[in-house]
């Protein structure tokens, strides 16, 4: 039975400094309220895996010096331009970058989900993505004839951190079509969830809701976080806050501006 | 109809729709309004011909996105051979069709960092028709050799490769890609542009016919289809783009992206 | 866009003699009406894959001489005893048996789903299941140290045949929690679906229904077959018809009794 | 309470519940009413102790089955190390803990064909506590060497193996399994049975203490818990079994299996 935490901060306790943390892509329901809480707490040296890409979340954690290693396929603010703290950190060499490609991250998580040590993947051969990943191996497909293929080691996060529309009192979490959230939870040692609201009744008792539900036995802790993905969107619930993201892009373009953003939108929350 | 003035975006969308051709499934990534317009145009043409294809998956849209198995389904679907056309771009693209979405300069100490390779290091290998699209046609973007290969244009014979680039569409011209010769060929220059201008602004060598044709303007029927049928659909996803190019505001424009 | 067939028979046209056909386990909603139609049509030499097990469906197809090769982890009538035609055919050596274990079939289908040539799986080493499967290979895990692991080649069926509660007019099919049906459809070249009923409206337009929906672009043909899993159960819709299954177990215990069953419950339908 | 007559099924369920111990997650396959009763008993004990565990997944039940990722989730979950206890049986079980769910005689020309290996060729390796359960204790079922190994009792040191058999429960006795010695040990004989009878009816050699204890009867508290709390839950899935063993008919017995 998951812990129902009184605060987001309490739910985040299992995320220790140096944690291998997996978070979802920018449109899947990103736990931004939890991310701000992590920044306020001052978590350090994360190995952050963004499955398979990220926007504000990775940029914020990098800018706030919470990240030692970033493993992802891309970080960008999309229509609001490059992710400024990410680009700055990579160019200054202050984070270790593990560039990937989207399906490789999905496959590596699925390997952990299935309890196998690796997963094969097509593509990649001849790319510098592969060249820069000594942890990925080139092997000969034993079912082919002179057929090289890349093998990706299983990626088993310490913690998966997700945001979802609702959970019931048994700790079951409705994730809908965002099934990569289930794979993340299956692959990770522990899963921490923030939700928009509690659902009265048992999500698994209704066959239609059950089809989109992550069972509670994968979940370590749950906290309520209404509009917890803000300013990013929660699919089918609310859109991105474009004005805020534009403001972020403008402020985060400089270190001072980013510090100002942190003060106004992350730290002052603590006093409120 | 807005008359006979054809906007560059309309021309590019028509060029791409012709490249798509008659296929089963076109997928379009995020922040790609012109390829999305082209895919929707191909779908409307398929409807008119009674083909009932292609399926179009606009990954940025909820309404035009049929995937229900999470973020991996696009890639699994491509691995199954069910995605016929996809679009890629590059911070740099070179004359062998290599694309760079990662960084310029040394990888460990980059001069410019781009967002990252996204799915290119996989999709470029397994989608039969990858259309490269880059509106900035300059020696900065079209280079002799990319600094980082997110995905190579061609592969050794023993490397599993069911897909790859077929063309490169820019603001100046249309190149086709010859996989056997590992080279681009200048197929046509867009109205108002010249082959010499293309050569001046391209950092790589390419083949060209003795006389380079001009990219034909879309037919009136195609323009009508685009402006009257495609634009309102596109407005749900790219309201600002549609407003700017087609002068159309969509009542439904708040559905996916109200901001 | 899938073909909406007027009859189950019409929908089944892509299932040719010798077809590599995958069908779901006995409790997932088995397309029994379609199975009876295949028997009536007299399909021959199927390579039948039951994912991962079967009951009446495999026994009926085997008894009616439709199957050349059976690839599955088990066939049994459960509380109604052994599957008599299956046991008889194996003991008389008239079908080629490819014994598997449940997760191996899931993994082999997932390999096809992902477009990779193989999938690794733990277990199996030292078993006679592995010994009897020359198509499975023992390899050395390149991420381990003297760590043997089994590699299973991708299993890519010609046709997946499934039954589901409903489909909409765009050919989208609601499968709910029976997600192995989605993997089957992703892995197979073509997917044929029978459904209890048509759903008015677009299954993908409702986020809650969409979470349990197989998109129509995987589907080749659809036919209506109310109570199409009878006498097997359809989860959340109707239970197994225990009296009928007991009668089947009794009749199918002998070749004559099985012929009688076929006549009464499969062939006479044709005239009706 | 039905008095002090303890049915054999009750005794076996209690023996198994004790073997389960304090774990996080017990899964029970189809057509296994006694292991299911044991798992539910372990869950009720966990509740009384305020542990909130184990989770119990009864694969035959809709209500007591938490899986939502299709038929593969049980196996993935076991591969993740999230299934602590599972139950297996065998048409044959031998003294080294090998189980046979496939056939007797020659594989290509079997004398008797069983249903098949189900998930055993995987789960036996990765579930830490596999409890073997076979009510028919005879030289036909407990053999010197199985004719076909669906899954071996032990593996070479370099073979990944995080799980395996811990015990074999029959209608006559409880064996524990020593993985290092690859042998069963007779831990206790059930009331009314003797060590000699066990030896006479067992086709393999096993260790035994000088004096073999009798399996202790369940406490009154345990019996009450089983009859009053577990039986009504079990009746939803195994109505005939519960009717027969506990004399309890469940109003809800039509929910999963009305037949």
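Letters A, B, C and D mark the chains as written, and numbering starts fresh at 1 in each.
One rule holds in what follows: contacts are C-beta pairs under 8 Å (C-beta built on N, C-alpha and C of every residue); 3 or more make two chains touch, one makes a residue touch a chain.
Model, not experiment: these values are computed from the prediction.
Q: In terms of touching chains, how many steps apart are chain A and chain C, taking the shortest path?
A: Tracing touching chains, the least step count from chain A to chain C comes to 1.
Q: Could you work out which chain's C-alpha centre is the most distant one from the centre of chain A?
A: For chain A, the chain whose C-alpha mean is farthest off is D.
Q: What whole-Å value do you get for the distance between chain C and chain D if each is reduced to the mean of its CA atoms?
A: 29
Q: Just give me the whole-number Å value for how far the CA centre of chain A lies from that of chain D.
A: So the centroids are 40 Å from each other.
Q: Using Cα averages as centroids, what's the distance between chain B and chain D in whole Å?
A: Inter-chain centre distance comes to 59 Å.
Q: When you check chain A against every other chain, which residues touch at least two of them?
A: 110, 114-116, 121-122, 147, 149, 177, 182, 210-212, 235-236
Q: Using the touch rule from the top of the page, what residues of chain D touch 2 or more other chains?
A: 67-69, 75-76, 79, 126
Q: Just spell out which pairs of chains touch, all of them.
A: Pairs satisfying the touch definition: A-B, A-C, A-D, B-C, C-D.
Q: Can you check the complex and tell me which residues of chain A touch chain D?
A: Listed in rising order, the residues of chain A that touch chain D are 1, 112-116, 172, 182, 186-187, 204-205, 210-218.
Q: List the residues on chain A that touch chain C in their complex, please.
A: Counting only chain A, the residues touching chain C are 107, 110, 114-122, 137, 139, 141-144, 147, 149, 151, 153, 175-177, 207-212, 235-236.
Q: Enumerate the contact residues on chain A facing chain B in the complex.
A: Listed in rising order, the residues are 24-25, 28, 51-53, 72-76, 78-79, 82-83, 86-87, 90-91, 93, 99-104, 106, 110, 121-130, 132, 146-149, 177-183, 235-236, 239-243.
Q: Okay, in this complex, where on chain D does chain A touch?
A: 24-25, 52-53, 55, 63, 66-69, 75-82, 126
Q: Okay, in this complex, where on chain D does chain C touch?
A: Spelled out, the residues of chain D in touch with chain C are 30-31, 62, 67-72, 75-76, 79, 101-103, 107-126, 148-152, 155-156, 158-160, 256-259.
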